[in-house]
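Take a look at the structure below.
Just so it is clear, A, B and C label the chains in written order, and each chain counts residues from 1 on its own.
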Amino acid sequence: MGSISLQHVKKSFGEVQIIPDISLDIKDGEFVVFVGPSGCGKSTLLRLIAGLEDTTSGTILLDGQDMTKAPPARRGLAMVFQSYALYPHMTVRDNIAFPLKMAKAPKEVIDQKVEYAARTLNLSSYLDRRPRALSGGQRQRVAIGRAIVREPKAFLFDEPLSNLDAALRVNMRLEITELHQQLKTTMIYVTHDQVEAMTMADRIVVLNAGNVEQFGSPLDLYKKPANRFVAGFIGSPRMNFVDGPEAAKHNAHSIGVRPEHFKLSRDPLANAWKGKVGVAEQLGSDTFLHVHVEGLGLMTIRTDGDQTFSHGDDVYLMPDPTRIYRFDAAGIAL
Amino acid sequence: MARNVSTGTKIGFTFAAWAIALLLFSPILWVLLTAFKTEAEAIANSPTFLPQNFTLENFSAVQDRSDYVKHATNSILVSVGSTLLGLAIGIPAAWAMAFAPTKRTKDVLMWMLSTKMMPAVGVLIPIYLIFRDLRLLDTVHGLTLIMTVINLPIIIWMLYTYFKEIPVDILEAARMDGAELYNEIVHVLVPMAVPGIASTLLLNVILAWNEAFWSITLTSGRAGTLTAFISSFSSPQGLFLAKLSAASLLAIAPILLMGWFSQKQLVRGLTFGAVK
Amino acid sequence: MATAQTRTLSRIMMAPAVIVLLIWMIVPLVMTLWFSFQNYSLINPMMTGFAGWANYIYVLGDPSFTQSLVNTLILVGGVLAITVIGGTFLALLLDQPIWGQGILRIIVISPFFVMPPVAALIWKNGFMHPGYGVLAHLFEFFGLEPVDWFNQYPLFSVVIIVAWQWLPFATLILLTALQSLSEEQREAAEMDGANAINRFYHIILPHMARSITIVILIQTIFLLGIFAEIRVTTGGGPGYASTNIAFLVFRTGILSNDIGAGSAGGVVAVVIANIVAFFLMRAVGKNLDA
């Protein structure tokens, strides 16, 4: 079991309020991602759940039990750190066995669990090495191994992939997702990368300045962003925003159109926006066009890779009328 | 990365460097050689470089006349004792400041350092009188106490700079893994900090061993350390030159070896971490 | 960042160190201040009571104080000049590509590990003795009259001994600083056409400036308290010719048993050291977060 519930959790460091007031309910077995720009309080929130920081006020329940004041060692959670935080003076085997030793498990149990974890994570042939003799990906797996053997109520991941190179990151992303499907244990995963959030999460918590902007499934967030911040944060490339008279035509303070929701033409279209191509980024499968639209500014457009545009081409943009997001003056979705 | 220079230049630099280094080393070399000479040879009008009649009798004479072993034992007791006591007080303090810093931690560290700046003569008289009244004058434990206090700021500072290099993540990982404070310190922090703790220990044994002010003013015959013992040779007549060298050699040899061993860490310790 | 629990724990862990140092700092200093305003002599126990500024007037007004102060300045200044200039030069030399660099480092640092009384005695009896010292033999070899160093040039002789002890310290720290100068920076300067002298003044010296400051400040703290070297060699004499403030306090307070006057001298020494300490703390403190 591993349900986690935050009730009116607040956190300040001295005068600085990091988390004004957050309430969340995470179900047992769920994969929840905290995502947001740096400094949004997502790591602090994770550390509050872990017990590495005190809440200023509010309650944290684990499986319905009040754990607000419990030290980290008693909460039964496991954490994978951004730096992996492996014990450099211990072998891989001892690293993975450490939580079990702390729990005073009998030796046979320790051996058996370490072997099992090592096999699952393809670490069997590295068990007697020290962490410094391992590659980044292997270290990452040791850190996960150390978390698995505890059989925790929930796993906490603090930006675990940010120190890996791009190719490895995609790989580990899949491995962690697969692990979740295998173990079915609650996981909370902190990242600033919205692609990681979209691909891995059952549900995403979008945080901004210590507030929950939206909590929902990846597709909910993509299709029905609650506000302009979420709309801009989720989706890649970013949503294009337009203010002023053009937005007023749609009875909104501002409107947003995703790059993939445009009809694009070289020939004039009725009611279309006219612009000039600035940079064309050709990825092969897709092409991203950065178009300077008269009176509206720079727009990013996604089109298929077969289209060839070059700098200075005149183009006409027609937003898909069913896919226009409308926001009021406070940025709330209409 | 080696810079490219011609062999000639390299020979020149090498020659100059060795010449100066040997010049600086010559007083120590003199002690080393004279210690094995007879007294007559040591003050001969036509001086010799190497001992002509190699002898060990100076060493036994030093022991017979002034009980070298007793003073060396005192030195060991005071330097090792004060360092261990200092570590026992310093490790917890450094842990606290390195891993649970508050807004005042920096001020506390600076204040601790400032106590090291107080000139010994400024407090000599009260300490002398307190020691006299508490019957601590000329005792090993009295001197050990003083030595602990005067080196404590350096111990804490060195440990602090070493502890600071250990990522706090790893200690937090231990906490998440179910380790209570005792296990966190014993199984994670201390094994990782062994090199730092060892060089702190070494430097402080050296400093305490060579400390001359308090050991000369607060001890005499009974608890005298080697610094006090050697100082008592301050006006030897000619006949004692070889014995003086033997005594000096015995007093500096162990520390010289330790010093060579720890010279890499020395810079950080002596500059309070300001130069690494 | 930590929890309330760790913070409480950390206070408990720091308490012994803080308490010990607090006592060490406050108790003797307050006593020294108190004594310095008292008539308190172990020779003349009948004279007691408040002395006002008498001890200060006595100490500061005595010619031996002025001479000790001048001697202290000469001692500190002389040793600093020799060690900083010599140390910079030696560090530059040791940083060149030479054979046996590792062994040289060890040889050069050695004098620093020689305890002060031994250093003083080696120089006094082995090198500077007018009869059988190495220097006397050398002078004779060149047909010169041997010098009786400690009688003719007492203060200068002490300066030489102390400089010998501290030159390795300066060299080692400056060498460490020098070696932290990146090779790329040197190469960039070379590419920019700077010759050796330009490189020294514009690249190396500014890089070493902070370390030189630290060397000066730390040495000053220790040099103000030079004691054993004087006690073992000249005993402060002839007269007061090689007595510094530290030795004067010892002479007055312990040898002459005048606690009041000795304490007044001690307070003066504290004031002088505090002025230096102020600058040292700023230099070290700047580096605390790095």
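We take it that contacts are C-beta pairs under 8 Å (C-beta built on N, C-alpha and C of every residue); 3 or more make two chains touch, one makes a residue touch a chain.
Since the model is a prediction, treat every value here as computed from it, not as a measurement.
Chain B has the C-alpha centroid lying closest to the overall centroid of all protein C-alpha atoms shown.
Looking at A-C and A-B side by side, the one with more C-beta contacts is A-B.
Once the centre of each chain is set as its mean CA position, chain B and chain C turn out to be 16 Å apart. Each chain gets a centre from the mean of its Cα atoms; for chain A and chain C, those two points are 58 Å apart.
Measuring from the averaged C-alpha position of chain A to that of chain B gives a distance of 54 Å.
In chain A, the residues touching two or more other chains are 51-52, 71. Residues of chain B in contact with at least two other chains: none. Chain contacts: chain C has residues 2 touching two or more partner chains.
The part of chain C that touches chain B in the complex is made up of residues 2, 6-7, 9-11, 13-14, 16-18, 20-21, 24-25, 27-29, 31-32, 35, 90, 93-94, 96-100, 104-119, 121-123, 125-127, 131-132, 134, 137, 164, 167-169, 172-173, 176-177, 180, 183, 186, 211, 214, 218, 221, 224-225, 227-228, 231-233, 235, 245-246, 249-250, 253-254, 259, 262-263, 265-267, 269-270, 272-274, 276-277, 280-281, 283-285, 287-289. Touching chain A in their complex are the following residues of chain C: 1-5. Against chain B, the residues of chain A that register as touching in their complex are 50-52, 71-73, 77-79, 81-83, 85-89, 98-99, 102-103, 146, 150, 156. Residues 13, 51-54, 71 of chain A touch chain C in their complex. Residues 1-3, 5, 10, 13-14, 16-18, 20-22, 24-28, 30-31, 34, 42-45, 47, 89-90, 92-93, 95-97, 99-100, 102, 106, 108-130, 148-149, 152-153, 156, 181, 206, 209-210, 212-213, 216-217, 226-227, 230-231, 233-234, 236, 238, 241, 244-245, 248, 251-252, 255-256, 258-260, 263, 266-267, 270-276 of chain B are the ones touching chain C in the complex.
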